[in-house]
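Two complexes, one shared chain (subunit A), two partners (subunit B, subunit C).
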Partner chain A sequence: MIPIQHGLLLSMLLFFSGLFLILTRRNFLFILIGLEIMNNACSLILVFASNYVHQLDGQILYLLIITLSAIESGIGLALLIQMHRYYKTLNIDVLSEICE
Partner chain B sequence: MELTFYFFSAISILSTFCIIFSFDVMYSLLYFLISILSTSGVFFSLGAFFPGVIEVIIYVGAIMVLFIFTLITLNLEKDSKQKKRNFSFLINWKIFSLIFLMLFFSFLYFLYFFNNGEMNFMSESDNIRKFGNKLLSSYAILFEFISMILLSGIVITFYIGKKNK
Partner chain C sequence: MNNMSSIIIFPLFGFFILSIFQRKISNFFSALIGIGSIFFSLGIIFHIFFCYFNNRSGFDFFSQHIEIWNNIRSLNFKFDLLMDKFSIFMLLMIGLVGFLIHVFSYWYMKSEEEFSTYFSYMNLFIASMFLFILSDNLLLMYCAWELVGLCSYLLIGFYHRKKMSYKSAMKAFLMTKIGDIFFCLSIFILYSHFKTTNLNDLKIFLKNSLLAKDWQFHFSIFCLLVAAVSKSAQIPLQTWLTDAMVGPTPVSALIHASTMITAGVYLIVRTNFLFSMSPTILLLIGIIGILTVLFSCFAALFQNNIKKILAYSTMSQIGYMFIAISVKCWNAAIMHLIIHSFFKSLLFLSSASIISFFNGEENILKMGGARKKQPFIYFCFLVGGASLSSLPLITSGFYTKGQILCFLLENKNWMLLFSSLIGVLLTSIYTFRMIFLIFHVKREKQKVSYLNNSFFHTFPLFVLLIFSTVFIMFFPPFSSIFFDFYNKNYIFTKRNFLEFISSMLSIIGVLIPYDLYVNKKNIFYKLSKKNIYLNKYSFNNTNFGFDFFYDFIFVKPYFFIVEKISIDPFKKLFSFFSFFIIFFHNIFLCLVKKTLSWHILFFVSGASFFCLSFIFLCYLTH
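The block that comes next holds the complex of A and B.
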């Protein structure tokens, strides 16, 4: 008997710590880790909801979201390799060429 | 059940906070690994066995290995030398107050509007069989879409990551 607020609070704390990581860091690899944390928190809330309504549909959506998260990390790491190949650094401020 | 849920969620939140305060990329990846494993423990404590197993397989077996392999491939010595241990990002009061306000209002929302929900241990023994039946009968088109998304992800990763002269 766990009240559902505690699950929602756990998911929300993970989500906002990932958002804080994205907004404060300038390293591209940390930004990708923050995206993974936010994805993980969103999928956590789906499993809690599927447990709350005693249906298995939320777990199927969890399978979809975790696949999307894997693809997103693959494409993000390919972009990171290209960025390191051209600029020799991972600092994301190098890419701000328009707003200089 | 309650004890394991609160134990694993405390470990998960603590290791996620450790990522924010760590400056080495390798250490933060290891903290992320601890956070993922404890999240899988939360799933097991709720009786959702299939998501817990999938979490360990996909995150630890695929995503973490991909991150660590990229970290080994790139030579990041210079970047890690430039990183000094300054906590000046915590004084950035705009971002900090924004995050704090959003956290506060969503706390209030959750505490007022979800009053009588309860999560129980899903004790049916044939949950995985029901899951497979539902995935391959009524969600079959979603399953096909997952495979097409994986294929397009492979193609896009090859196209972006190739070395162009």
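The block that comes next holds the complex of A and C.
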């Protein structure tokens, strides 16, 4: 039986490593990967929580989320390929339209 | 008499058409519209003139009601026209001179780029001048006065690519603006006294009232005088006229020699019932006139620019009109005005062709020997100059100027008479100095150009040439000028003696420059040939210190005050707020102007800050 503290710590570590990846990387692909990591870290908490309260709701929700994230990452990657074809780059600073 | 308004409407219509179809119609058509509109109104003027002199039914003035302009309770201004003996002659003169100068402009401005713009301005000028002549109340007169000033500004600055022309236009506008303000003041004072600005009503009120000792009333007359002085370029406000010569030469002929410049004289004559109430103001007019005559004669003696000499001569001739006004002979003033406008526009138009003959050279010291190459222009210039210097018997200027001198003799005003005679002498000296230098003295190394003597060039000069001589008496409208104003019973022996003196003076005035510049046997000839180039005195170009004076009294203090006012304690207070705002703006701009990862970081940190503070609050409450 894994204590919940360990699980929360693991998911927090995963979350912040994903955030770190987003903040530091310039390549869009790595940012997408970072987002996936963060997403999974959040859903991991659901699994630990369902285990903690002895109910299956969380684990079923996890299955749904992971399906969604697979779709999301698929669409994201497809857009990424299109973007790479169109702009010939994946550098986020070049692509950014927020700042001039 | 009911078609008086159409005199104004034709040129105004021409102005609108020309300004709407600028550059879309060919030069020929725009000239046709410009000249044709003046031609139509000239025809109407002739018609009205003959009506006026054939139906003498006791009235010597006619009025036409057009429109109620403004009707607010007791304020009731009507848009009415009034024609009397003076205005009909003025209309005739302006129509005729304006028509001839329009015809001449077609020749002179042919190669100009903004041809139709020029004609539209000229048409607007003629229309507003007609309105000024005909309007029966001071307020409408003031509007026309301003319009005329505007047209003068636009046409002086017509060659707007030259810096000098823009400056001169501004100077002319501002100097005449002084007069405009005084005109306004005078209208206000007169309105507060009589509750009307209509000239006829004013005349009737003045007969019945005892206002002669009211200082406000006299001040209003003084204001009218200042307006007239500034428009007619008399002595304290004359500096703009010589600078106004940078405009096209036909414009100088029309506006700054014959029509607009005489608007001041016409204003005084139109309101003569006001001016005759105040002897002190009349004396002041005489003093201004005599100072202007003497000043401008001396200035013209030392001037080398042909157009500026003519400008000074215009000033001096208007000085004569002022002198005539000061002894209350309005007829003589208007008569001299009309004849002066003919010979002065002749002089200006022939100087325009001389200037284009010498390839734009305006310095008379660099011209010379044009007599044999351009005999017709020489003849025109000679007749115009003779009329200006009032050579006896053959010229028309002799009779009108003699009329003024006779009135001075009759009034026993010896000071004015004596200085007018000096003016006659000086006028003929500087006129013939100019003529001899341009046409007789031979010079080498001249670039002359071929003059295209077309109909449009020769016809106006020819007509004006006839009108500058004594032959003007044989033309029906103008013969009545002479017989209407001239045939009055004077003491003939004294008059003949005076005319003899003035003609002797003008002949002496011809002989002196002849001796100096043409007669080769004279010792002075060699001396003067050397000294010709020493004539460039510095005071000449600065209007004898008048420009410096105005610069020192008005322009520099104005800029000084403006500079002082611009240092403002409140401005610092407001600038503190603006500094504050700009400071925060810059800080927030630092946050915004970053890369995408910064935005994510801020977003995450902001979100986590709110979450943490929420948790903290929950912790505190429980």
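Keep this in mind: the second predicted complex is superposed on the first by the 97 of 100 C-alpha atoms of A that agree within 3 Å, B and C clash if a C-alpha of one lies under 4 Å from a C-alpha of the other, contacts with A are read in each partner's own complex, and residues count from 1 in each chain.
As a convention for this text, a contact is a pair of C-beta atoms (placed from the backbone, for glycine too) under 8 Å apart; a residue touches a chain by one contact, two chains touch by 3 or more.
Here the structure is a predicted model, which means the values were calculated and not measured.
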Fit or clash between subunit C and subunit B when superposed on subunit A: fit
Which superposed partner A:19 touches (first subunit B, second subunit C, both, neither): both
Which partner reaches more residues of subunit A (counting touched residues only), subunit B or subunit C: B
Partner chain in contact with A:90 - subunit B first, subunit C second, else both or neither: first
Gap in Å between nearest CA atoms once subunit C and subunit B share a frame through chain A: 6
Doubly contacted residues of subunit A, that is, touched by subunit B and again by subunit C: 19, 23-24
Residues of subunit B that touch subunit A when the two form their complex: 1-2, 5-6, 9, 12-13, 16-17, 19-20, 25, 28-29, 32, 35-36, 39, 42-43, 46-48, 50-51, 54-55, 58-59, 62-63, 66-67, 70-71, 73-74, 76, 78-79, 83, 89-90, 92, 95, 99, 102-103, 106-107, 110-111, 114, 117-120, 122, 127, 130-131, 134-135, 139, 142, 145-146, 149-150, 153-154, 156-157, 160-161, 163
Interfacial residue positions of subunit C with respect to subunit A in the complex: 592-597, 599-601, 604
Touching residues (chain side subunit A, partner subunit B) in the complex: 1-10, 12-14, 16-21, 23-25, 27, 29-30, 32-33, 36-37, 40, 43-44, 47-48, 50-52, 54, 56-57, 59-60, 62-64, 66-71, 73-75, 77-82, 84-85, 88-91
Residues of subunit A that touch subunit C when the two form their complex: 19, 22-24, 26, 92-93, 96, 98-100
